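Below, chain A partners chain B and then partners chain C, in two separate complexes.
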Partner chain A sequence: MDEIRVLCVDDEEELVSAWVERLQMRSIEAEGVTNGQDAIKRVKEKKFDVVILDIKMPGIGGFEIMKLIKNEDPDLPVILITGHQCQDEENEGLIAGSFECLVKPVDIEILVEKIMKAVKS
Partner chain B sequence: MEKNILKNPKFRYQRLWIFSMLIMCVVSLTPLIILTFTNYYQYEEVHTVEFTHQVTQLLSGTKQNLEFFLRERISALSFIINEKSFDELADKKKLRNLLSNLKSSFDGFIDLGLIDSRGNHLSYVGPYELLGKNYKDQEWFEEVTLQGNFVSDVFMGFRKFPHIVIAVKHEIENGDFYVLRATLNTDILNDKIHSLMYWPQSDAFLINNEGTLQTSSRFYGKILEKYPLQIPPFAPNAVVKPQHDAEGNTNIVGYAYIQQSPFILIVNKQSVDYMANLFKIRNRLMWFLGISIIFILLVIFGSTTFFVKLLRKSELRQAKALHDMEYTNKMASIGRLAAGVAHEINNPLAIINEKAGLLKDFASLKPDFNYKDKVLQGVDSILKSVDRCSVITHRLLGFAKRMDIITEVIDLELLLKEVTGFLEREANLHNINIDFHFTEDLPCIHSDRGQLQQVFLNILTNAYYAVKQGGKIDIYAKKLDRDEVEITIADTGVGISEEHLEHIFEPFYTTKGKYGTGLGLSITYGIVQKLGGSISVKSKLGEGTKFSVHLPIRSKDF
Partner chain C sequence: MISDQVLHEQELAFFGKITASISHELNNVLSIINEYTGLLNDLCYAVQNGKALDPERIQQISINMAEQIRREQKLIKLLNRFAHRFDAPVLTFELSELVNDIYLVSLRFASMKKVTIEFPTIEDRISITGNPYRIQFVIFLCMQLALENSEINDTIRMNLHKEEEISTITIVSRDKDMIGGQEELMTLISSLITIVNGKIDYENNDEQFRMIKISLPLSV
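Right, the complex of A and B next:
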């Protein structure tokens, strides 16, 4: 099986770097960006299997980024990560458009499991 | 003002009740009492006029009767003295015949006598020995000499027996005169005035113009005794008027001067006669007034109590709704604050989690190195702490959910354990033992998770407060026959007195003094109602308290 390519997007650089390193240790080709523009740019440049995306970010927010990503590649699964809650009625429709929504802090094994599921889907 | 109302609601409603009662009593009873008394006094007036009229008529009739009686007898004597000569009258035999004829035609005559101008009794027929008596110095003789005829008052005279004298004078041509004199029985006067005495407590009698009783009186003495009261002033017709005596009784007193005689006819109707009808009416009116007052008071009491209670309930409901709203807003604000805090903490927590995880990954993947175990132990400790923090932030986020009802399928067992989990630290601190008793057939229910958490959290917080150190709390949950579940939370705490138990679900009612808001159980009550369920409480002082919550299995249309 080809190596799984994951793009991690969060404004917290420390978090992104830790995710990238830990996923790489689990044989996942991961790379990270800390803002929306870079994320869209990377998606345009490279084919990813899964995008891990923080909802609340300065500048372009998570939902906007997800929309732009879906414009580029409608089949690319997005796992949303939030420091708030996933049962948010205001953004119910947007959350439904993602593959999964997880609340921080996320256990790495659960994250890997969700990535695998997303890839298989 | 509103604060005072809430502080002393009982006093306020009591005052309102008393005020309403007084106003309604005054407004409804005053006209009734005034009307009743006015009615009574009007009746009394009419009754007095009627009674006075009745007495006046009787008195006038008797006066005419007496006047006619005397006039008739004077006329009879005048006829005899004019018709018969002196000699005929001086003849005792003829005089006897005349007396006999008089007696057969007119009642009351006792004797008949002829007296010359010097007062000598020349001829006499009658039961007494009066022949030869001289009347020159007697008052009646002087009167008849002057006036031509005369009716005396009652006097004893030579007979030593009360009698009336009537006399007529006849003048002859030589300027001399003689007098025909007759005596009348006083019994006849009694008979004449008897008709005025048909009331049991009435008195009718004659007095002369000097105030001596001419017939016996029921109240003022016997014949020829002195009449104790003032002689009434002269009036040509009968006079009747009500008179109040010293004891406050009203008597009807009437008098009439009898013409051509010294007699004054007096009638006195005592209050008993006069008042008898009035008493009857007064008693009837008093009964009517009494029954009306009792009836009105009962209606006023009932309606005032009902409306004040209604007002109290309505105001309580309003206050509760207002404070429900305030509480909801407060909870929503706390929820938003908690969500913000949780979110801000979750980000650094995620970094700690990932960095510690990374360290663990490194340590796990590298071959053995010095202190590898201690590093791994340290990292695990960090990860466990992160987990604990994460549980707390997730709970805080749970509170941030909106306050409207969101129906979802709820496992009560899990929910109750989750709620007790919130208070775990408190339970451990006070060594409180919590036991769960769930029946196997306990179904999942359709309800609002957040609201139910609130309900059980409120009840459990009270239970914790009540049991203090080393107590026990039992939580039961079972399915009931109808489509309901029953959750019972029983503690072994201090219990609640009956007096407090009545008010426990009222807003602002607290037994915790400054530590309680008095809102917890009222909010709980409101939520349970909103969820289509019901809540009840049983308690015994010193033994504990048991709250039972009934919830529908299927959500109702909220």
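Right, the complex of A and C next:
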């Protein structure tokens, strides 16, 4: 099976670095960016299989970034990550077209499971 | 002047907004620490499966975790100070610490709009007797007003001075017809300033920028 290519997007640089490293240790080709503009630019430059995206991003915000990513590649699954501990934002994310919505702190094994599910879908 | 009921509702909304914002940031820090503990576990697993141990990498992760824990402690202290300002309607407290805390809580809101806030370190302690939760509320509202008028990459400049028995907080930001579109916010600010026996002025320094000047007596 070809290596799965994942783009991780969060404004917390250390969080993105850790996700990337841990995903790479699980044979996932991962890279990370810390802002929406770089995320959109990267999606234009390279074909990814999944995007992991924090909802609360400075500037245009996660939902808007997702919309722009989807404009670029409508079939690209986006897994949203939220810091909100209530159901509303999860529901909002799913309605807005995300593949899945996970709550921080994220369990890496669950994240990998969702990535695999997204790739197979 | 707004009614007591509206004021009470707005104060509750303020309390909720700040606690939600700080808790969000606390959760971000915990997420980072969570990833680092997971990463350490992954590295141990890799060593058990024959990969060479990289002690420098382990050390760096440990240093990074310690830094995040310090960040968490600062956030918890900020939340604690914020909450304790609701203890009593009249207290003697450090205004410089309060203004610095409003600067800190405003940073997250500003970063969401990609706006920078500058606030110099205030060396002098400025003691004030008054209503701490209403004072922190009105300063926060003035900062919100400045943020609403700011554009991406703008800088808001905040400062604090003391002259005899009056302390002055200034907030300089872009002037985008500030007074025009924000009547509700301005009314709330005006009501709060009256309640805390302060004074507020809006000064045009030049065409593009406006200074909000909050003057507070050092004792009620």
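What we mean here is this: the second predicted complex is superposed on the first by the 112 of 121 C-alpha atoms of A that agree within 3 Å, B and C clash if a C-alpha of one lies under 4 Å from a C-alpha of the other, contacts with A are read in each partner's own complex, and residues count from 1 in each chain.
The working rule: contacts are C-beta pairs under 8 Å (C-beta built on N, C-alpha and C of every residue); 3 or more make two chains touch, one makes a residue touch a chain.
For clarity, every value in this text was computed on a predicted model and none was experimentally measured.
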For this session: Return fit or clash for chain B versus chain C, each positioned on chain A through the superposition.
Result: clash
For this session: Please indicate which partner A:46 is in contact with in the superposed arrangement: first for chain B, second for chain C, both, or neither.
Result: neither
For this session: Kindly classify A:21 by the partners it touches after superposition: chain B alone (first), chain C alone (second), both, or neither?
Result: both
Exercise. What is the contact status of A:108 with respect to chain B (first) and chain C (second): first, second, both, or neither?
Worked result: both
Exercise. Just one of 2-10, 38-46 or 56-64 in chain C runs into chain B once the structures are overlaid; which is it?
Worked result: 38-46
For this session: Identify the overlap between the chain B-contacting and the chain C-contacting residues of chain A.
Result: 12, 14-15, 18-19, 21-22, 25, 56, 83-85, 104-106, 108
For this session: Flag every residue of chain C that touches chain A in the complex, lowest number first.
Result: 24, 27-28, 30-32, 34-36, 38-39, 42, 46, 64, 68, 111-114, 152
Seminar exercise, completed: Interface with chain B, chain A side, in the complex: residues 12, 14-15, 18-19, 21-22, 25, 56, 81, 83-85, 87, 89, 103-108
For this session: Under the touch definition given earlier, write down the residues of chain A that touch chain C in their complex.
Result: 11-12, 14-15, 18-19, 21-22, 25, 56, 58-59, 61, 83-85, 104-106, 108
Exercise. Can you list the residues on chain B that touch chain A in the complex?
Worked result: 339, 342-344, 346-347, 349-355, 357-358, 361, 365, 386, 390, 394, 397, 400-402
